[in-house]
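In the two complexes below, subunit A is the common chain; its partner is subunit B in one and subunit C in the other.
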Partner chain A sequence: MLKGVFYKEYIKTRRTLLWMLLVLIGATFALFLFVNHEIEVKQVSFFWFQQMVSNNLFFVWMLPVFPLMAAIFGVVQFLPETIGRRFRLSLFMPENELVISFSMLGFGLLALTLLFTLQFVVFAVLFSGIITLIWLLAAAKVFVCFWLFSFATYLLIVLIFIAQKTTYRMVLAVTALVQSSILFIKPQLNIFDCLIPYAAILVMLLFFSTSFFIHHYKTGSYEL
Partner chain B sequence: MAVIDVHNLSHAYNKKPVLKNVCFSVEKGRILGIIGKNGAGKSTTINVLNGFLFPNSGSVKVFGENSNELTADTRRRIGVLFEGHLLHNYMTLKEVANYTKSFFPQWDDETYNKLTLRLKLLDKQKISTLSCGQRSQVALALLLAQRAELLILDDFSMGLDPGYRRLFVETLKSYVQYHNTTVLITSHIIQDLEYLVDDILLLNKGEALFNGTLTSFMQSIARYKVLLVEPQVVNPEVLWFANDVFQVENELFILSRLALNELLGAFAALNIQVTQIKSIPMSLEDAFIGLTGKF
Partner chain C sequence: MKNSFVKYFGRICFLMVLIITMAYLMPLVYKLMTEGKTNVPFILYSPDKKGFFVIDGGKFLDENRHPIAKKKFESALPLFFYSKLLKEGTMPDSVDGMAVSPVLLNTNNFNESIYPIDVDIVEKPYYLLLNCSGVNLTNAPDFYFSATSSFNVFNIKLNQTDTLLSRKMNMAAIRKGFVFPVKAVYGNKSVKMINMDGNFFVDACNNFFQIKLISDSFSVSTFPFPDSFFRISCFFNFDMRNHELLGLALTPDNQIFVLEHGTNNFIKIPIADYRPNQDVLRFSNNVNHRTFTVIGDTVITQYVYNKSFSEIARYHYPIKRYEQTVAGKIQKYVFPFEISFSSPNRLKVSPAIAFNFASYFGLNLLLSLLYYVLRRSSSGVVKAAVFVYCTGLFGFIALLVIK
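Showing the complex of A and B:
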């Protein structure tokens, strides 16, 4: 049964996943070329000194790409389900509705995790000759934090699609906007220590509330 | 035990009642057609049966289980055709079959291939590129290949031309007769149902106006041709016994619950002189119009 749900989600999202992977890897290469250019111009020690003094991160510009991709992925996965109420087709399959909904969300989160992990592997390989292990771990922490916020964005987008009342959609859209304020935080390393647990709790809450909405879509708390 | 057992089903949208104490049941191997005008409560009944709507009151059981708490095993015994032949449009024919197959262990590849091949459709063809008629055949193929014991079809004729409608009905009819499948079906094209159903549930403004066999439904009303002695315009409102009246010169075509001899007496009582009254063949659609009116 799980195989069936994953198969359907894969068919829907395979092209999107491919170009997302290309964009992420392309962006990582662009970042690599930019850093190499900066090092050539400013010299290695000065470039890293500048990064330390500004308490800033050289990959800051590519961070918003993660939540953006998660949002697009949510749209690609759930828009076809809501057009013509096709979600009923998925939910009437002979399996527990919660299993179906958890599997659909699980597929989305797993696909995004794989995508982001691949990007990080490429990042780590490209920059291994330039940055120290401490810098790499610090970068990993920031990436993980943004991944978690991306997951939250993905779940919020799904919620907006499956919430059948305009009021709920409005509340969710405002929540999504508030949550996106993370993109405007100056990404200083020490901020992310406290943001990671917050983001993790947010993802958990959204995961269960999304499942609740999906469950009620089927059982008729909302009149179709 | 009945396959579907509905008792005192009532439902309202924003306090506006759409179903009022509806009762019916479907025995194994029977084909029940639900007919009614727009807004009569047909789709609401189907949504309740599928478990997509929680009724305000009443009990709705499918294979002995509450319709909104159907287990996966029970749902495996039910095939549903959603209104408008709803399918996952982004899939190809092969993909949609593989996807559906993974949920139904008793899946029958032969039935699916037979129905899709006769339309000369390719496995790689996307559902979104199919015509409405072709999509209806794919939806039917998916439904029949599931080998379900109960089929629920919501407005199967929607958007279909007469050819595809006939193909759909014939395929369905031969399948359910061979496999002794139970069917609950709704359609706005009532003549299709006449060929298909054993029983009729007539819904009118949320109430069950008739619930019985097709034969008894057809006997509940009759169509007459009344020849007037002289051309005169008859006010339909005075014909209290006529459910529907249509006049062409000195001929009256009426639908009435009265028997032929009772009708003669009724015309005599109204001082309308008639030369001849004869019963004429009537379709299910005529009977439907006769019982519910044109608007």
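Showing the complex of A and C:
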């Protein structure tokens, strides 16, 4: 049954996944061209001085792409489910409703992880001639922090679709905005280490929150 | 049963998400709405008048907090306003019996502020390696180093490790008794392209070293500690123009020491009320005295020392923080706890939770009773009321939203 759920989700999102992969890799290539241009204009020493001392990270402008991608993926995966109440039919498949819904969310999180990992591999390969391994590991922490917040955004978008009350939807939308705003307090290299545990806890809480909404969806306690 | 438990667990998780969001958002919005612009008063010592002068919110005050004219204020502090007095032609030839000249004042004037974020040292992948040979660098530096189990000097221009320079740095350190791995690296807080003092290190045996790159060789100095129990938790290199002091060291028990240039001795500064993680410490050096200012929560204390660190004067100036205003006091009673991602001075960014226990004896109790009255007919109302008492306003709103 789980294979069936995964296949269903794959059929639904395969084109979006491909587009998202192309956009992410395209953004990484654009970043690579921009950095090369900066180095040619400013000299490599000055570029590095900016990175090291001013904490002026060269890849910071492409980081909002991750939560945006996660939000789009959430919409693409769960908008068709809410049209014609297909999600309710999915929950009545011969398997526990929680197993089905967690599998659907698991597919989404797994797909996003794969997508982001592929992007990071491309990033590491492209920038291997410019940045060192130690610096790449420091950059990886920033990426992981943004990935976790992206997962939180994805889960919040999913909950907005599953929630059957306007009040819940509004509360979830505000929560999504507030939590995303935390990332833009001060985009410096050293702050993201502290945010990783917080983001991980948030993702766990949101993942398990879905069981509360799914119960109402199946029983039809609240009307759309 | 299993499903109902998971649903209950899911409800708790969703409540937690809402409470976390509210505990961050609501105090932040409340503070933005009620907090006015607050400037930290600036205290200056006049060696001529043997008294203190304060700039508070654009007002010029004497030490008894009586307003005085700007001209009188500036003329009382010639060591601070010397450039303005020189322009006006009212600069005295001597201050407190000491002949002064613009060059002497310019060389001796030095100010440094140490904020809580500076004390929280962050390990960096690479540190700047500047040449201390006095060459005026016009380009950005090419060399950086990593300090772990050994020193690795990295040439950014060639994008490779400089093995020769790395070996030289390691050998110079080992010859002076440096024991790897490196515990901490300290440098100049305000990164200058010309740094004459190099970098400072704590080795595996808690000894303190200074390593300077001069042309293409390394000079290593060690510093004797006042006693065998002495440890450094933080060090700030001053890089002063008159080379009187190398820097300021903090110990794990919040004591302040200054490191003297030449003698290489640590001198204890008898300031007991400084809390590095909360207060701001301002150091100011002048031609005939030095001041340490501790900016605390409720009071600013300035200690004035002569050049041999004997205390001349001390001044306490009470300040009113946001927490002491009416809005700040209300906040303590309304929000049981607050989640913040930046410190009050907005310099440090990390998640932190602060509890306001005052609300547990007032509003929380009222809200839990109100919730009990509103939902007395529903099951599990006692548990929910206890939850409201623990989480206060946030839990009350969250439970009203989620039925």
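By definition in this document, the second predicted complex is superposed on the first by the 215 of 224 C-alpha atoms of A that agree within 3 Å, B and C clash if a C-alpha of one lies under 4 Å from a C-alpha of the other, contacts with A are read in each partner's own complex, and residues count from 1 in each chain.
Following the convention adopted for this analysis, a residue touches a chain if its C-beta (ideal position, glycine included) is under 8 Å from a C-beta of that chain, and two chains touch if they have at least 3 such contacts.
Note that the coordinates shown come from a computational prediction; the quantities given were computed from them, not determined experimentally.
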item: Which of subunit B and subunit C A:121 touches, first, second, both or neither; value: neither
item: Contacts of A:1 with subunit B and subunit C, given as first, second, both or neither; value: first
item: Larger contact residue set on subunit A - subunit B or subunit C; value: C
item: Which superposed partner A:85 touches (first subunit B, second subunit C, both, neither); value: first
item: Contacts of A:93 with subunit B and subunit C, given as first, second, both or neither; value: first
item: Which superposed partner A:60 touches (first subunit B, second subunit C, both, neither); value: neither
item: Contact residues common to both interfaces of subunit A (with subunit B and with subunit C); value: 96
item: Subunit B - residues contacting subunit A, complex; value: 13, 47-48, 50-54, 68, 72-73, 75-76, 80, 82, 84, 86-91, 95, 98-99, 102-104
item: Interface residues, subunit A side, partner subunit C - complex; value: 43-46, 48-49, 52-53, 96-98, 129-130, 132, 134-135, 137-138, 167-168, 171, 174-175, 178-179, 182, 185-186, 188, 190-191, 194-195, 197-198, 202, 204-206, 208-215
item: Contact set on subunit C toward subunit A in their complex; value: 3, 6-7, 9-11, 13-14, 16-18, 20-21, 24-25, 122, 124-126, 128, 139-142, 144, 146, 154, 156-157, 159, 191, 341-342, 349-351, 401-402
item: Subunit A residues touching subunit B - in the complex, by the definition given at the top; value: 1, 3-4, 7-8, 11-12, 80, 84-86, 88-89, 92-96, 218-221, 223-224
